[in-house]
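I am attaching a structure below and will ask some questions about it afterwards.
Chain lettering (A, B, C, D and E) follows the sequence in which the chains are written, and residue indices restart at 1 in each chain.
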Amino acid sequence: MSKYLELKSVSKKYQQQNKEELVLKNVNFSVKKGELAAILGPSGCGKSTLLKLIAGFIKTDQGIISKEGRIIRGPGLDRIMLFQDFEQLFPWLTVLNNIIFALKASRKTEKNSFNFWPGQFRQDLKLLAKEYLAKVKLSQYQDYYPHQLSGGMKQRVALARTLAVQGEIMLMDEPFASLDSQTRQDLQQLLSDLQLNNSRTILFVTHDIREAVFLADKIIVLKDNPGEVISVLANNLPYPRQRSSEQFNQLSEKITSLF
Amino acid sequence: MSKYLELKSVSKKYQQQNKEELVLKNVNFSVKKGELAAILGPSGCGKSTLLKLIAGFIKTDQGIISKEGRIIRGPGLDRIMLFQDFEQLFPWLTVLNNIIFALKASRKTEKNSFNFWPGQFRQDLKLLAKEYLAKVKLSQYQDYYPHQLSGGMKQRVALARTLAVQGEIMLMDEPFASLDSQTRQDLQQLLSDLQLNNSRTILFVTHDIREAVFLADKIIVLKDNPGEVISVLANNLPYPRQRSSEQFNQLSEKITSLF
Amino acid sequence: MISLPDKFKQRLGWILLLALIWQLIAASHFFSELIFPGLDKIILTLFTSLTNGNLLKQLIFSLIIIAQGLTLTVILALSLSILAYFSELAASLLETLTALAHPLPGIALMPLILIWFGAGKTAILLVIIHSVLWPLILNLRAGFNAMPSIYNLIAQNYCLTKLEFLFKILFPAALPYFISGLKISWARSWRALISAEMLFGAINSLGGIGWYIFQRRVFFDLPGVFAGLVVIILIGIIVEDFIFARLEAKTVQKWGMSK
Amino acid sequence: MISLPDKFKQRLGWILLLALIWQLIAASHFFSELIFPGLDKIILTLFTSLTNGNLLKQLIFSLIIIAQGLTLTVILALSLSILAYFSELAASLLETLTALAHPLPGIALMPLILIWFGAGKTAILLVIIHSVLWPLILNLRAGFNAMPSIYNLIAQNYCLTKLEFLFKILFPAALPYFISGLKISWARSWRALISAEMLFGAINSLGGIGWYIFQRRVFFDLPGVFAGLVVIILIGIIVEDFIFARLEAKTVQKWGMSK
Amino acid sequence: NHQSSQQQVGLKKRKLVIAEQYGLAYAPIQLIKVKKMLENAEPGLEIEWKQLSNTAAIREAMLAGRVDIGFMAIPPFLIARDKGMDWQIITGLAHCPLALMSNQSAVNSLADLKPENRIALPQPGSIQHILLTMAAQKEFGQADLFDNQLLTMSHPDAMNALLAGHEVTAHFSSPPYLFKESKIEGIKSILTGQAAFGGDFTFIVGVSKSNFYQENPQLYQVFMQTLQKAVAELSHNPAQAAKNLAAVYDLNQQELLTYLTWPGMKYSQDVQGLKRFADFMTFQGYLTSNNFKVGNLVKTNSIFKIIGETEGND
């Protein structure tokens, strides 16, 4: 089970104006199956780039990223990414259809091999989509188009889409950045439950240290210029975690001091 | 000086599919000159809509918004808005030129009436733009195009642009949502200093209660469905505010309990 | 966006105004009546031509050819642009072909078309295709290239097959370009049709509306020429208002992808 | 994006391949040589026509007209589209005019143009304008309408004058549409020019490249006809590769507004 | 004396616009052009030569007052005249052999043409079209017999098609295409223009609006006299003319001379066949009224005669 997802001396350069710029330098860490790893780091340090590398959208310049010993060479349904961008929903699909779209795409094989009733299959997907929309508290907006939603609502739809697909690994790029604290805590709980009950592996970019401490089993801290891992901490606080507990605050303090 | 900016029984509807939906209902509050007012509320409750109404981009369906007794009828350089969107920079301008663009636009009259040396004027603007870019810690990225920046960096450029223009009223829609806590605290300090020293009036949407308590003189709390003001709190904590002080935490608790 | 009935009223107003101006010029006898016939004459000719069935028959013939030509061209343009989107080699071939063929006037291709395909319907179809294909390809390719890159990432992530990617993402994302390409194509196909029918026409037999116009011209019957043109214009407006306007209202406008 | 030199190589390869195919067909004597001359003959004719100055003279005549026609049309199209962007009334007039005029073949306007402007340069210019104006307007208007609405808000906020808004925001934002419109226009202007020159003939034997081709055809000199076409094609490719490709590389591609 | 005549011409108009088309029939016009005969006859007179590619364009340009003198065949002239255009024939130009050429060995006469065979000619209402209907009327009693098999094509296109052997079975041709085609093996004449018409007729005439010669009588006269000289050179010294015109026609001198002296080629200002065209076209409905008097159709001049208009209703 160990070394489920592994990064070995990963480096990444971007072409900037007329020079190349190193944005990630010699990144090493691994994530176990079922673990929730939080990635913390200053703005622009390469967190999104890191997730995109793992998702397989871009290639490393050096180093290797592997899952279960096999090198990752491109995107796959086993690693579903939630982007930082507000505009990741398709403007031509309603909220519900945006989710159904992803569900359909991710269950293609299922549809072809198991199901003889495509109508039933579609019905099932719709129910599932509605279920997740309810989890992010947007049931009543199912027929809205994305341009009619607020920023936070768009992000929640994208979250629902990612969760509904239930990929083996979920790569989440600041999914709660634009949410009020109440909604945020509800969704943190949702994520935590999902991970504990279904043992999903989650990589989670956040800038909120307390969020990382609440959710993560492992906390990966990056510095910038160039992006480098400065610390990988295990978080063994027992569940359910109490934000007001002393250990909780101690760990938070410790991480804060790293910056 | 009181009732500098005033909203009287403001309501706003949006056309949704085939029905109209009330998003803001009977909103009343006022902001004094030089005050920093934070707007808190759940995702989708109408915070962005509220700022857009004050900015003059959209019209109220009922009620009146006035500044210094005069009704606001449209957008103006006295109220500069920082949008929630990542994509508010012009992709065809470099980071520096995005800021210079706004400076030029806002100083048109100045240029024509006071300055005989357009070359000097341009030079001044460039220096000013660089100054604010330094404040948001992006000096080295001045020649990048927006698509080469990370999410948080884009938001910081937009912040620098808004601050550089020095509008009488600044309308900020979650400017720090995608920033790590260190950068965030630095920028909060920057904003606080600016407001105290230059007595700018700022309306500030945030979902972070502690941020609101740290920065705001007045905290306006909204609920959703439909968006309504449920509380307007004065924040009289002395400066410099201490996040660990007892009063600070008490006020934060009090606001949390409102949700 | 003004509502459709309003738009119709305005459109009607302009047309009536233009008709009035025409009639005034005609009535002024500034030009010989042989060359600038009054609207009364034109409408009379139109009426007789329509009732004796000649014009109608030619018109239906032309409309069928246009429908066929447009369908064929759209399929061809889509296929080629798609191929070019996925293969760099195909892209460079297509670019070369477009650069070669687009500026070539149909007249220059006539001898070859005549020899290979005779002077029948196929020849007219080919002239229409040559006239419509290249601009449509240019618009489609511009639309494909302007698609936000995040959609591409999402498609990769969900392992969409190329076909799914096409129909579910690329087409809707490029729709604004596609529609403006279609509008151009529609008008172009009329022009090409008329020139082709004039060039390939066959006396007395079915030659389409272009032939009708040509015949009227060689027999020095200018009201007849204008009657033919009026028919083309009327059909153009009907298609514009009933097909394109609705298409836009139901798609890009509804989705917030256009003003 | 493949680099330019690579692109050139591919392009050259395709052209050579097409030339080879042509030559093979010619050599097979499947078609009469009168109808399908070999490349050697074409190039020989091209060479003599160029050196004896006749072709060059006609070409320069045509290029001047095209340059004038395109400049005029671009200015006209921009002015009209801008007017329509700002005024609903103008928009409905322009839409009506476009719907009326776009499908009208130049041939149909011939009698009127002849009467009003004779058969000289002005007449050819008018045919070019009529051929290029409407599709350019359609593309421009689509581009203007597809501009992200947030730019509009920013422009309002900074109280840009209409002129500033145009040059600093609307044009760069619509540039991808404008470029594809220009490409179409460029090719269209060649087509229109050649047809017009053929139809309006020559005055004192200066008739442009279209007339040159027509004359060659009348004299049954097919290699001459093809020599004329080769010149058009060569100029087309040069403009495509040196002007449009660079324009795109320096703008929309650099700004991340296109793939 | 020269001085005064120049001033007289100059009274009204200092510029003459002449519109022509391509073809051997226009040789006198070309001669005037290359030898600058008009400029020499009237120093200071500006001449603009417009080459237009189709008869309808010439007609429209004249109607608009943009062209003073134009050249075309008789039927297109009659059609416009019938529609009310106030113009007249001011001179004849040439008689030419016209013929329907076929590339199929099985087709040797009109009767051999099957319904699926296609016949190429310039446009409906053209002289070629009218000649074909005349022949059809004469042989089969049905003027529009072939109307469903016609293709409108320019001469070079039609010649191409005939050469290629596809699509087109016959082409109603005129010089020089006719001569080129007849030199090619397998292509032959199945009907001549003369046979179709039943006699000689003028192929190309010069036309002008009445107000042109009314307002510019001297200019008109100068043009007529110059044309007379050009026609004379072509008739009496074709070798010299061929030398002068070789470049214009892009042919070598010898070939051009053969063409200029081809049997049936005759340059003359006389107008012949007008009446029969008018009668036939009226009868077939191409013209709505036939109350034309030949005297109204032609601006007579002592330089030329009107031939063969004795019978009829004038």
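Keep this in mind: contacts are C-beta pairs under 8 Å (C-beta built on N, C-alpha and C of every residue); 3 or more make two chains touch, one makes a residue touch a chain.
For each chain, UniProt lists the protein as follows: A, B = NitT/TauT family transport system ATP-binding protein; C, D = NitT/TauT family transport system permease protein.
Being a predicted model, the structure only gives us computed values, none of them experimental.
Participant: Common contacts of subunit A and subunit E?
Facilitator: In this structure, the chains that contact subunit E and also subunit A are C.
Participant: Determine, using the mean of C-alpha atoms as each chain's centre, which chain is farthest from subunit A.
Facilitator: E
Participant: Ranking chain pairs by contacts, what comes out on top?
Facilitator: Summing C-beta contacts for every pairing gives the maximum at C-D.
Participant: Between subunit C and subunit D, what's the gap in Å when you average each chain's C-alpha atoms?
Facilitator: 18
Participant: Need the CA-centroid distance for the pair subunit B / subunit C, whole Å please.
Facilitator: The mean C-alpha positions of subunit B and subunit C differ by 49 Å.
Participant: At least two partner chains per residue is the criterion; list those residues in subunit C.
Facilitator: 35, 111, 115, 198, 217, 256-257
Participant: Spell out, as numbers or ranges, the residues of subunit A touching 2 or more other chains.
Facilitator: 85, 87, 148
Participant: For subunit E, give me the residues that contact two or more of the other chains.
Facilitator: 60, 63-64, 160, 164
Participant: If you go through all the chains, which pairs of them touch?
Facilitator: Inter-chain contacts occur between A-B, A-C, B-D, C-D, C-E, D-E.
Participant: If we count contacts the way the header does, which residues on subunit C are in touch with subunit A in the complex?
Facilitator: Touching subunit A: residues 148, 150-151, 153-154, 156-160, 164, 168-169, 172-173, 175, 251, 254-257 of subunit C.
Participant: Where on subunit C is subunit E touching in the complex?
Facilitator: 32-35, 110-111, 114-116, 118-119, 198-205, 214-215, 217-221
Participant: Which positions of subunit E touch subunit C when the two form their complex?
Facilitator: By the definition above, subunit E touches subunit C via 55-56, 59-60, 63-64, 76, 79-80, 82-85, 118, 123-126, 129, 144, 147-153, 157, 160-161, 164, 166-168, 286.
Participant: Quick check: in the complex, which residue numbers of subunit B touch subunit D?
Facilitator: 52, 55-57, 74-77, 79-81, 83, 85, 87-88, 90-92, 101-102, 105-106, 145-148, 165
Participant: Help me check something: in the complex, which residues belonging to subunit E touch subunit D?
Facilitator: Contact set of subunit E toward subunit D: 22, 48-54, 57, 60-61, 63-64, 66, 155-156, 159-160, 163-164, 180, 249-250.
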